[in-house]
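First subunit A sits with subunit B, and in the next complex the same chain sits with subunit C.
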Partner chain A sequence: MSTTTLPEVLDTSELSRRDQMRARYGTLAPLLAIGGGVLLLLSGLLSWSYDDRILGDISIRFFPAGIQIYAMVIGVVAIALGALLRVRPAWLNPGRGLAAVGWGSMVFVVVALVTISRQAGGSVNINEGGWVALLGALLVFAAGWVARRFELDVRSWPRLPGWAEILIIVVMMAVLLFTTAYTLGLDDSWTFVCLLVALLTIAVALVGSGFGEYIGFVGANNRRVLLLSALLVAFLFPFTQDGSDANMSIATQILIFAATALGLNIVVGLAGLLDLGYIAFLGTGAYVGAMLSQSTFATIGWKPPFIIVMLCGMAVASTFGLIIGSPTLRVSGDYLAIVTLGFGEIFRLAMFNLDGTNGPDLTNGPNGIPAIPDLNFFGFDFGKVHTVAGIPLGRFSNYYFLLLLLIAFVILVFSRLNDSRIGRGWVAIREDERAAEAMGVNVFGLKLLAFAVGAALAGLAGTIKAHQDTSVTPDQYIFLESAFLLAAVVLGGMGTVAGVLVGATILKLLPRSCVTRPTTGCCSSGCSSSS
Partner chain B sequence: MSAMLEVKDLVVSYGKIKAVKGISFTVGEGEVVSLIGTNGAGKTTTLRTISGLLRPVSGSITFNGQDLTKVQAHDIVALGLAHSPEGRRIFPKLSVEENLMLGAFSRKDKSIRSDLQAAFELFPILEERRAQPAGTFSGGEQQMLAMGRAMMSRPKLLMLDEPSMGLSPLMMKRIMTTVSTLQEQGTTILLVEQNAQAALKRATKGYVLEVGKIVLSGTGKELLESDDVRKAYLGED
Partner chain C sequence: MTVTEPTTAGPEAGTRVVLEAANVTMRFGGLTAVGDVSMKVHDGEIVGLIGPNGAGKTTFFNCLTGMYVPTEGRVTLAGEQLPPKPLKVVRAGMARTFQNIRLFGNMTALENVMVGRYCRTSSMALTSILRGPKFRREESATRERAQELLEYVGLGNSTELLARNLPYGDQRRLEIARALATDPQILLLDEPTAGMNPKETEETMHLIFKIRDSGLAVVVIEHDMRFIFNLCDRVLCLVRGQVLVQGTPGEVQSDPRVIEAYIGGDDDAEEEDA
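Let's look at the complex of A and B:
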């Protein structure tokens, strides 16, 4: 008998203990949160490290830098949530947000302090600011632990006047732009890690406390403003780079990757066809772009204007999509994945071997087609530096703007298709092919269409990629790239636009920021430093 | 008056195995025709062949004077022949309303919205839960959704494949009442059932299938009263 009752008793006592604690000390939570927040804020003004070469320079008093600023921002968030715990709006749950800030700030401060003591050779080197921050983080943690949780009434969101909602979006986007530019400008890998922890903390706190849903609500009220301001932020990004091409080259790669992933998203996310050889279509576009370019190594004599080249890239890629699709789309699921994987490899090997010794010389074999000149649109040379409003914009910025247009086009195609009758047919196929057939959905035709449209978008991106990379070789289009594209689609959320953009950005950005970043003194921590 | 649907000497096989071995039957306009038979008798195969999901080896299927054996499945739906498949096959992750709208996929006219209302009138529970994912429904509710979805294509002939499968007696009664309602509203119905009692009670005409052949036919009443049917399907000695 005891075996059946025991777990129940344990369960309720555990629950009630936590609840009892919240009931008893819950009123202290705002005080703890504000106190901890103030300490974190204060710590930013104090010295964290004796050594001035660690994590940037955080040894000077009353001159916050790097992680000190992050600590201050976390402090402000903690104070705000503590205050909200007193005010208690019905649509917010500051307690959950505080719990996130508590955990996050603990991790943040501990990572910072461990880094200081390891790099400087002992915890002796931690100055008073670090300890104050630790105390502050502990207080916030305690606040999150005892803070009461509320049931949310999500329908009670305040309706602000239109301009105020737009202002929220604009401020959010400005913060996004600034943070991105700032993050990319960091050159110390452990500062970068601390920044990631801080950003993650704030993001989780905002979502946990219900702010995220509110922002989603505001965004849904002003869809067009949201979209336009997102595009504007993306458009303004090159102007924050001060003419430097370092980040812009990464940004252009992200955009090409994202545009291709969005194309794959039509195939995988909307129509539900697992394509593991998708990179071949990007490659097709790139080879078409290279063969029809002004390069002296181009194997075809015809050198049409780039607009025509883009159309050719789309046409050839979608033709390949149809050729590959019509036999393979009769199988589905795992079998389709394997067959497309095979076709991806066939493409690579074909490009590798079409060098004149076996068949026609189209691709120069493994050497590829190098020396592809920069694009030139009506006298606008993509290779030159152009100065706009006093800010120089280099070669990669030029391509960046072109790729932004490409992404906008891909998003337009994606969302128009998604909202159309075709999109509904794809959803039906994805959910249940047999039932879709019984509903009168032309299953084979729509699958083929998904393949062709996806291929065409990748082909279009490929023609631009050829010029941006200046050379096209077979080994750029290996299976790993297809896998990465698929990972971006799955990571961000199949069938969504924003999700896939985020997924693509993370997958392209993270490896660079963590591994090949020039590092200053992190040898002891096992992080590999190249060069 | 010629029949709306005429199946003649239909043979369907899966590889070497013949599932339907030359059956003929007709469905006249405004009728409720029941095909009954045990597992493996070829009922579902017959329906799937009529709606173009399977191709016959030989024989003909004529719908309103048009031969269906060469027409693609999605075009058959557009001709006014709806198929509510065995096991209901609703889209579990999609909402009730999305499911219903997919039923109208073959249509491009503007009155889809009013047909949505008609489906809601037929099954009020669908309106109550129009935003709910269909996979959370009980078997009976899913069957209602499947029938509502099939009606969304505005069919002249509705083919129901075992609508009573796995339903409680009460829910089955509800479904069968709806079959009569639909008939009164002018939809012709081809009903495939294992539950002979329920299927024959409302049928104007019935056919009994056994291992791919029609062994008995007559009006619903005649079949219900026939000794063979009573023994084989109604469990009476």
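Let's look at the complex of A and C:
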């Protein structure tokens, strides 16, 4: 973050040692990298396996598919970094990137070869392409091993003209969109694992060599463009799916999950209150949405338009937040976590029991409220397929667009609150409660507010979730879901927006991509090695 | 640079009582940490609070600022009795710093000071989301004032650094800036020079004089005797929760009971370095 923590004091002897090192390895590393890269490129054109039924079809020469393409991309990155190492720009650190590519390409090729020999029945099935790739990866690894000694200090980045920086962002976003669509389109689990290794390799290489920081720098210069293009990419995503709802269903779940996680981020990330029962607020919203829906099983006769339902969901959830918060927020830390955990379970059990025999019939007990009809905005039926510009958009795409609006709203609320008097108060409480109080921050009030705002956002998401899932049952709101939400917040980075979005996406996507693809025995190990 | 000489009382010292603590007593179970301490502070006055470790100085501060509810006695600020709630005490115009620095480590220096403005600003959740002109005005005023205060304490160049990355002496000064941001009438400093080198101590002394000259009353807890006797207009010596001596630095310095309390004349005196 701050450059002051990096004192760079080098005496002259060390400098000259460095120069010697450069002279000695300066030509070797680029040569190795470029050679390895070329071999990787070449291997993509060769046949990797005799068996044409595994990993897509990688047996045909001069027709790269699946993992062969990934090998070629890694090769291109290796060549580029090798060339950059020769050029030695002052604002990049290709050595570290090359080291990452070296490791990554080794892992990638080894995973690929092991998979081929396991699935095709023995290593005899590996064709010449696989061995060439292994050789290439070894060379790149050696290049990385040599090059990691060049530690350059990236001090400043060149400012490109405005259009060029915008172009960088746009290209990056386009690559992101394409990669996402491609990744989700994969149906072979080991190709997927190989792809993840390849993507991870490239990502680490780019970050290690300083491209990541540079893109962050460009992004910071063009914040608005970045935001708009990110939204545009998200908006365009359904159009890449060709009318298929399979991925859109996952995408909508990710969006709901991410929106809820962002709400939790206010409570945990900003105010520092560990809430382990947060899913209850999503549940509150979902039940409000269900009870006020057009469903014949809805227990309340009032069926207002959806916009009112959303407001009701927010209001009821935040009221619950206040009710739960006012006694529990008097404790803090571990105790708060335990109490909120209890309240989360109380919610679930209450919904389970409000079936008419133990209390008023509000929730139909364990049966929940099924048959919630799709939303209908002014004649726009969310359940129907709509064709836009020749591309059919299915039911989940419709919900996806609505959820995009939701998440944009949540991000707006989060970031505006964060950058205000309220947000500073929250962070101050998180950092040091007693000091915050002594500086005149209304600790209890702000904690309650965090609970209420967080709950309101979750409640809002819940009302949409009820319609998208078409049914609401108590067992959707178990503790595990709260734990998952918390994991998304912590994994992504507490108090950040982008981090939590990434965390939520990873947590929803990874298990799904591995589990839903039926290949025996290898799923869990594949996930853990690639994550 | 003539501050090392003892100064006389501030220009308008004694004109108006800012803080009055009357018979403040704090008992924890059977232990009387602070017993029947009374103190008056006038505006533009620097009052020092000394005493061996465990004499009850910080406990007394906590009673004044509402962090503890005193068992007996009352605290009045500018004639108004203070409720023992930190929040209301700050609003009424009393700010403090902490013996062990308690900054908001993961916020920048500027944000730390902006937190201090919390009780003097009013925009709530909805206005923060909608961002009307009033919100913008208040926000930029807060930012400006915070920047001003950072420059005032000499941290004008460190505004964007995280508080935990600041050097120790700067952290102490940042705490003072944060306390000043609450627009206090009286500032309570709990060991402002603990751990500082002589140069930093001298700079802190300058700063406290500057704050005093701007019309604030200051109460200082300190163990550095040279610092306290050079700085203060009046000194209170607490020993075992009781006021032992009260008077000008000269009087307190030469009082045999103070020396005895510090260096030890009888069996229960504590070891303490000046």
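By our rule, the second predicted complex is superposed on the first by the 483 of 531 C-alpha atoms of A that agree within 3 Å, B and C clash if a C-alpha of one lies under 4 Å from a C-alpha of the other, contacts with A are read in each partner's own complex, and residues count from 1 in each chain.
In this text, contacts are C-beta pairs under 8 Å (C-beta built on N, C-alpha and C of every residue); 3 or more make two chains touch, one makes a residue touch a chain.
These figures come from a predicted structure and were not determined experimentally.
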| item | value |
| --- | --- |
| Clash-or-fit label for the pair subunit B, subunit C on subunit A | clash |
| Touching partner for A:Leu449 - first (subunit B), second (subunit C), both, neither | second |
| Residue contacts with subunit A in the superposition, subunit B compared against subunit C | C |
| Touched partner set for A:Ala428, first subunit B, second subunit C, both or neither | both |
| Partner chain(s) touched by A:Ala438 [first = subunit B, second = subunit C, both, neither] | both |
| Subunit B versus subunit C as contact partner of A:Leu184, first or second or both or neither | neither |
| Interface residues of subunit A shared between complexes with subunit B and subunit C | 421, 424-425, 427-428, 431-432, 434-443 |
| List of subunit C residues in touch with subunit A within their complex | 65, 67, 86-87, 90-91, 95-96, 98, 102-107, 111, 114-121, 123-125, 128-129, 131, 135, 138-139, 142, 161-162, 165, 178-179, 181-182 |
| For the subunit A and subunit C complex, residues of the former touching the latter | 1-2, 4-5, 412-413, 416-417, 420-425, 427-428, 431-432, 434-443, 449, 453 |
| Interfacial residue positions of subunit B with respect to subunit A in the complex | 51, 53, 72-78, 83-85, 89-94, 98, 101-103, 105-106, 108, 149, 153 |
| Footprint of subunit B on subunit A - complex, ascending | 421, 424-425, 427-428, 431-432, 434-443 |
